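For clarity, chains are labelled A, B, C, D, E and F in written order, and residue numbers in each chain start from 1.
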Amino acid sequence: MAKKVITFGEVMMRLSPPGYEKFSQASSFELVYGGGEANAAISCAYLGMKAAHVTRFPDNALGKAATQFLRKHWLSTKHVIYGDQMMGKYFLEKGAVHRPSEVIYEREGSAFSLIQPEMFNWEEILKDADWFHWTGITPSISEGTAQSCLDAIKTANKLGITVSGDINSRSNMWKYGKPMHEVIPNLAKHSDVVITSSRGIREMFDIGELDDNFKSLAKMLIDVYPNIKKVIKKTRRTLSASHHQIQGKMWNGKKYIKTDMLNITHIIDRVGTGDAFAAGLIYGLLHYKDKEALDFASSACALKHTVPGDVNTVSLENVRSLMEGNTSGAIKR
Amino acid sequence: MAKKVITFGEVMMRLSPPGYEKFSQASSFELVYGGGEANAAISCAYLGMKAAHVTRFPDNALGKAATQFLRKHWLSTKHVIYGDQMMGKYFLEKGAVHRPSEVIYEREGSAFSLIQPEMFNWEEILKDADWFHWTGITPSISEGTAQSCLDAIKTANKLGITVSGDINSRSNMWKYGKPMHEVIPNLAKHSDVVITSSRGIREMFDIGELDDNFKSLAKMLIDVYPNIKKVIKKTRRTLSASHHQIQGKMWNGKKYIKTDMLNITHIIDRVGTGDAFAAGLIYGLLHYKDKEALDFASSACALKHTVPGDVNTVSLENVRSLMEGNTSGAIKR
Amino acid sequence: MAKKVITFGEVMMRLSPPGYEKFSQASSFELVYGGGEANAAISCAYLGMKAAHVTRFPDNALGKAATQFLRKHWLSTKHVIYGDQMMGKYFLEKGAVHRPSEVIYEREGSAFSLIQPEMFNWEEILKDADWFHWTGITPSISEGTAQSCLDAIKTANKLGITVSGDINSRSNMWKYGKPMHEVIPNLAKHSDVVITSSRGIREMFDIGELDDNFKSLAKMLIDVYPNIKKVIKKTRRTLSASHHQIQGKMWNGKKYIKTDMLNITHIIDRVGTGDAFAAGLIYGLLHYKDKEALDFASSACALKHTVPGDVNTVSLENVRSLMEGNTSGAIKR
Amino acid sequence: MAKKVITFGEVMMRLSPPGYEKFSQASSFELVYGGGEANAAISCAYLGMKAAHVTRFPDNALGKAATQFLRKHWLSTKHVIYGDQMMGKYFLEKGAVHRPSEVIYEREGSAFSLIQPEMFNWEEILKDADWFHWTGITPSISEGTAQSCLDAIKTANKLGITVSGDINSRSNMWKYGKPMHEVIPNLAKHSDVVITSSRGIREMFDIGELDDNFKSLAKMLIDVYPNIKKVIKKTRRTLSASHHQIQGKMWNGKKYIKTDMLNITHIIDRVGTGDAFAAGLIYGLLHYKDKEALDFASSACALKHTVPGDVNTVSLENVRSLMEGNTSGAIKR
Amino acid sequence: MAKKVITFGEVMMRLSPPGYEKFSQASSFELVYGGGEANAAISCAYLGMKAAHVTRFPDNALGKAATQFLRKHWLSTKHVIYGDQMMGKYFLEKGAVHRPSEVIYEREGSAFSLIQPEMFNWEEILKDADWFHWTGITPSISEGTAQSCLDAIKTANKLGITVSGDINSRSNMWKYGKPMHEVIPNLAKHSDVVITSSRGIREMFDIGELDDNFKSLAKMLIDVYPNIKKVIKKTRRTLSASHHQIQGKMWNGKKYIKTDMLNITHIIDRVGTGDAFAAGLIYGLLHYKDKEALDFASSACALKHTVPGDVNTVSLENVRSLMEGNTSGAIKR
Amino acid sequence: MAKKVITFGEVMMRLSPPGYEKFSQASSFELVYGGGEANAAISCAYLGMKAAHVTRFPDNALGKAATQFLRKHWLSTKHVIYGDQMMGKYFLEKGAVHRPSEVIYEREGSAFSLIQPEMFNWEEILKDADWFHWTGITPSISEGTAQSCLDAIKTANKLGITVSGDINSRSNMWKYGKPMHEVIPNLAKHSDVVITSSRGIREMFDIGELDDNFKSLAKMLIDVYPNIKKVIKKTRRTLSASHHQIQGKMWNGKKYIKTDMLNITHIIDRVGTGDAFAAGLIYGLLHYKDKEALDFASSACALKHTVPGDVNTVSLENVRSLMEGNTSGAIKR
């Protein structure tokens, strides 16, 4: 029977000029929705898992439309709550070659940022889940979201649910009073799987640039927080805005595992590729051994670069085919 | 030589689903910009006047794009200032027949709402203007915007510039602490021309529903504030979301003037029609006698119902033709 | 707590040239989905009810996408099944004034038409429902769909669930061997609420044009099939493709009830307006007395004419407002 | 067997802002092609006739694309010739209600205007035709086009082909040196059927506004030029840009015939409606008696108002249905 | 004088989500038409040949629109016939990099599949042709289409018309009862030019994977069927969905010829590239010697990868330029 | 304080089929405006300079809309004049890989080509400028435009304003009677900065292909015309329509300077890249030393290849970042 993943985080309205237009050229915006955790949940759903996302939207037609987007992409929205007025938003101008994509956030004061911990009954929400996934964005938004995230993780621990955290936060995103290194470690130490980078680990411990070796940093993380079983990193080589290379790395407490580099030569949309990696890892660790899981995650990530929007809508068959080395993209009839 | 009008107010990004789609159906938004005062300025510019708009946008690419919209539509943007992060916004779902259009505002915390009076040097801004126009929306936003509006009006008085105010505010929009009837009268009394309604006058004086006769209320307004020379009202009969009727009324201290009813049988976009009326009145009072001015304003207003977006981009020739009774809309080759 | 309605029927891909283009002019198709029963279910969901639709789609990405459409519009798709290859389809060219809309169906051999009765466990499907709704289209498609529809109705009877049927079929649609009058009566007699027309009743009984009086025909229907409690008709006056008038009529066994005529002067999309009426009736009969229920149904129907697509996405508040006589469509801010 | 009509005239690229956007708002143009004579030919083709259009396009990819448009809409383009550089063009901004549509022409120096009479072998072109149709636009463009038109008409006379002319020219369009009244009479007098208006007849004879009675002017025209058998007028009442009324009138040398007024309440595109009338008349006179022919022409004209673009793509069935009084536009399934 | 090619085969409606959207994301479809044989005919027409396509469409507005597409792209549609109800269709989701394009066919029961041999008079159809082209798809559809194809080939033989066949069929496509190796050899042996692959030859003879050497297989084919003069293969190296390499190979009974590899680094649309190769070969063999013909075919094929839709609309000049080694794609002003 | 650049030249309406459609496929055109000199001015404006463009448009709504485009993109349009009827135009079909983009011009008889020197008061126009920029296109159009350009240059000399000329003309463009080598030298010799190529210098002097060495030709140019201080060339290597390489070269009278080659692997729009180079050079020479200026120009040029439309809307920050070697195009949040 299909495994069930629950995620928690903000879902933003994403507004992008068509094609490669710049903000100064746009007379319309393409509208999708996205947020790291929901992106991961949707990706899991397309891979065949059950998935539900927990979030808070404004209590108006825009909040409803955002919910409808999640439903359309197979999520359960039973635990979406509504209140206040503002929808979190980001504007995305898509770059190419040497021209960077540009993102402008408008999430301050959003319905999600005003969350209070008592709004959620995590025992009820998580009762039939197999996996809970969080990211470093959520605790960076407000005290309320940070505490709710911690509540969810602790409840998951209590219920024996596997917890993964994607520490994709940066210390300069923390603006509500508490610094990253005071909050994140408390969340990370209750997690089973941590996706991060050398910088993520250094910022989490506030230890500066002493060490840039992922393997040794990952080992240290597990030493300090023995509840963590696996530390994973996605390496991205950015040749240009149109051409990236992706490689997965994992320290599972015993072995250091690396995947082959995947070469994404014609990028369609690089937003959400990290979330596709996380989702691939969740699916992978639930269905494969570590090396295969990492291959699966990297393949899912690579494929997301070719899908417009934030969410990875490719099928299990697509990911498996790439994971098995079929990089040709030959037409399927 | 062309007369110059200056306006001051918030300009919002307007996001609408294409055609008659509802929010629940949209996968893109059409993007224009609008705000009552800028709408009036742009309309004046299309009629051949010089026009400048004073506002504040976030200091990012979205704020720049909004400025570009104003420039494109012939405004001087020399006195646009930038700061903070958020663009005021409204979402518009267009209705038809019995289905109402729906508007969702997101303007709390916008760059405009954070205006402080010392940000503007009104003597410099207004130095070569012939007319200053404000609306009741601006003072309803924040103390800073209310004070800035008052500063502008007083400076205009000092410089001998005609002032018009469109009291299109409603008392329930006032949320920053001061009620409408404490603020608006102070702005109105320094104005030469006031556009309002029976309700507007009652709310301005906080006098309840004692009297609904526009003529007597308008007389009272001029009696109380003798600086006001003309009180004007636009009557709208809403047969359905697709069919309105428009009539202008004016008390000029001596005579009560009414235009014929204009019958708008196939509405394209009814937003900004009040601003088109105000602009028509500004142009009209500068170029015609009172009755013709009111006819001109009503004709401009009627034509706006057929133009998509917030702003009235019809030409002087179009307005004149309708004002002279040519209602046929016959093709021009 | 919200009541739950279950519907059963084919959902087709609807492909329409943009705007008023004819088939000969189109270089793209707008894509939505529709089918009488699902349309009714979605409309009920937008009004606040729980709603699930039962259908069968081809087992491919197109069938999945159709399911996603239903999910987006709030339906439970738990009982959607998959098999075979072909998606039912209809092509819609939208007319105006004297030019009729034209519909081309391609539904022969669709996954739905190949349904076998044993594919559904109606006891399981209907277990927590309050209402089951069917239409005359379903039994006209194939023996399998007719039998499945009958199974559903009988199960609903057994479980004490209210059954409504919309006999919108025409005898010339019946091509799989059995004539309409052999099948429909058997379904109708187990229903509590029947929506039909004079012609519908005559064709059901195969009685020719002897009588065109709806009231007497409706009485006869209840006399013959006493399980039927209410017979309802929606009268449409087609002034042109752009202008219709709608009136609801009901015989409830005791009284003959009529609503005022609603005048829809600028039609946006008239497809699915009958289904919106049916949904309004379901909601209405569950929440109001008969006259109010009929007013509610007519108002829902009228509003659908202004919504693009097959499904009525207006809110409970919209319908209530029109039902209370607010026909002005005045903008809501 | 289907009758064959040949037409001769300029075909222009038509560029229009989407929907009701004004030129000042457009960031794209919708692209179709049109010209009075080709519009008529295409309309005849959709009604089931054989139809060929004779014209001249620039010798480049744009000229080829214009030819492809004619081919797509069923015309034979065997006698299209190519040369020079410029495509005739017109820009169309669509109006509504009181706002007129606006047309800007760019046809000076077009490939068509540079036509020389020797470019066409009319005996070859017309050899198997039943009808030749011209309009007053063609002779107003240049001496070359005027002479070519006269050559075609005289050849048609020689071959016994019926000739119709639509004198839709206005005297102020004549800019190449010869006035309208020196050229048009020579073309009209060799025609069997003349479509015109009171003003057309007056301008043709340069007789001022002495007489505005169509019936007496039409009689005079036949008296002076006895080769003309029928003089036809289409009366348009322009209630607004969105609402017209159409009536056909004919003097056939014996009787004065009028059709009922057709009421077009929601206009989609009024360009080319006169050409649709002419085509309807050609078809009608070939297949019906005079009164029915005039009804057919008026019905075709009315239907064109609901079709986007210059050309009338409705079917014979559509026209017949309206001609028989079915004005309801009820959906066809 | 231009040579004339006749082709015979199904033309399908092609429906694709815009850009790189997946089926799960689409709210509209781009509409073009395509089918291997018509694609080749259209390509020949753009190269300057006369071309006619023979097919059968449903007798409704969709069938007419499909015909109009062929006419627009320069084909004679004199021998298109109409009957039955269903249009063949395929849905195309465009991939990129590692993500494959996906095609879903709906052609079962189409008007084309229901063809009966007596519907065509091949002597009449082929009377002034220089070349007849068929593909392996047509005989795989039904007995009627297979027999019609054989009739056409034999008639062409009788009339001395060159015959080419593109054996692009796969044995698993054959579902109506006869296996590929019972039907194809009979068609191939009457052809002058055969385009195929090693697998095509093996499947045609049902000989398994004994031999994968194209040269020896091609020799064998000519040995067995001496009417065949040339056997040609297009090699495609699929580096990713966005990057292919193309090479032509030919055994002409005497020599084994190969072109240089063409490197298509940024694919726009890879559908129909094989048909563009076939068309290039037809044009090439009619106008060049074998090596040049093969270069021409490969160049035409390569260029098609940059044209959206099924059909190759590039000009003779474009193909010649690439064939002569100009791979730079430098802008032409 | 920001420096001010003035440019003079034709601005054309640019009409392009969407995406990669060919002219034969288009049913709409994307609309922007462009012209070498205005493109450069707009690019300078986006980099933070003041910029004004001098041109002449037709006196109608299309000329106004073109002006609005310039205003939107930050130009002063104070010196735009209006007259005559025709808008210069070009049609652009975008190529890819081996398929060249194709441009069709329609600029003969345009409002700009009919310019007479007395229409401009250059002393007034240039009075507060720091830089005047012209290109070789302007003098190739007509005697009037050539003389006006010379007037502007001489006035600039008189006022001490730096003059740059981009000799991007080709001798075969000169059709009004005077050959290129009679006109261009007179303009070049009064310029301070000349952008050209080996061919440009040869054609300017009408000296044939004796020498293809840019360095020696550039030296010669400065020897002959000592007012010229710098001769600059942009080398473009066209690997395909989708992949170019760009390098800047400069002879500044003392040193021969070259930039690194920039590799543009996924071109979005290559039109206007030369103008972006010119603008980068203007900005660069005003703010940097020669080598840095050339790097800045090459970076600006490279970035333009990723921006749709004629004009380079990237920011100063974007150009500086690439100039400093950041080629990764990494997303900016």
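What we mean here is this: a contact is a pair of C-beta atoms (placed from the backbone, for glycine too) under 8 Å apart; a residue touches a chain by one contact, two chains touch by 3 or more.
This structure is a prediction, so every number in the text was calculated from the model and none was measured.
Touch-path distance (fewest steps) from chain C to chain E is 1. Put simply, chain B has to spin 180° for its C-alpha atoms to lie on chain E, with the angle rounded to a multiple of 5. Chain centres here are Cα averages; for chain A and chain F they lie 45 Å apart. Centroids of chain B and chain F (each the mean of its C-alpha atoms) stand 41 Å apart.
Within chain D, contacts with two or more other chains are made by residues 22, 24, 27, 68, 73, 102, 266.
Against chain E, in their complex, chain D makes its touches with residues 68-69, 71-74. Residues 15, 22-24, 26-32, 60-62, 64-65, 68, 85-87, 91, 93, 102, 104, 106, 108-109 of chain A are the ones that touch chain B when the two sit in their complex. Across the complex, chain B is touched by residues 19-22, 24-25, 95-103, 105, 238-243, 266, 270-271 of chain D.
Only residues 46, 73, 262, 264-268, 299, 302-303, 305-309, 313-314, 318, 321-322, 327-333 of chain F touch chain A when the two sit together in their complex.
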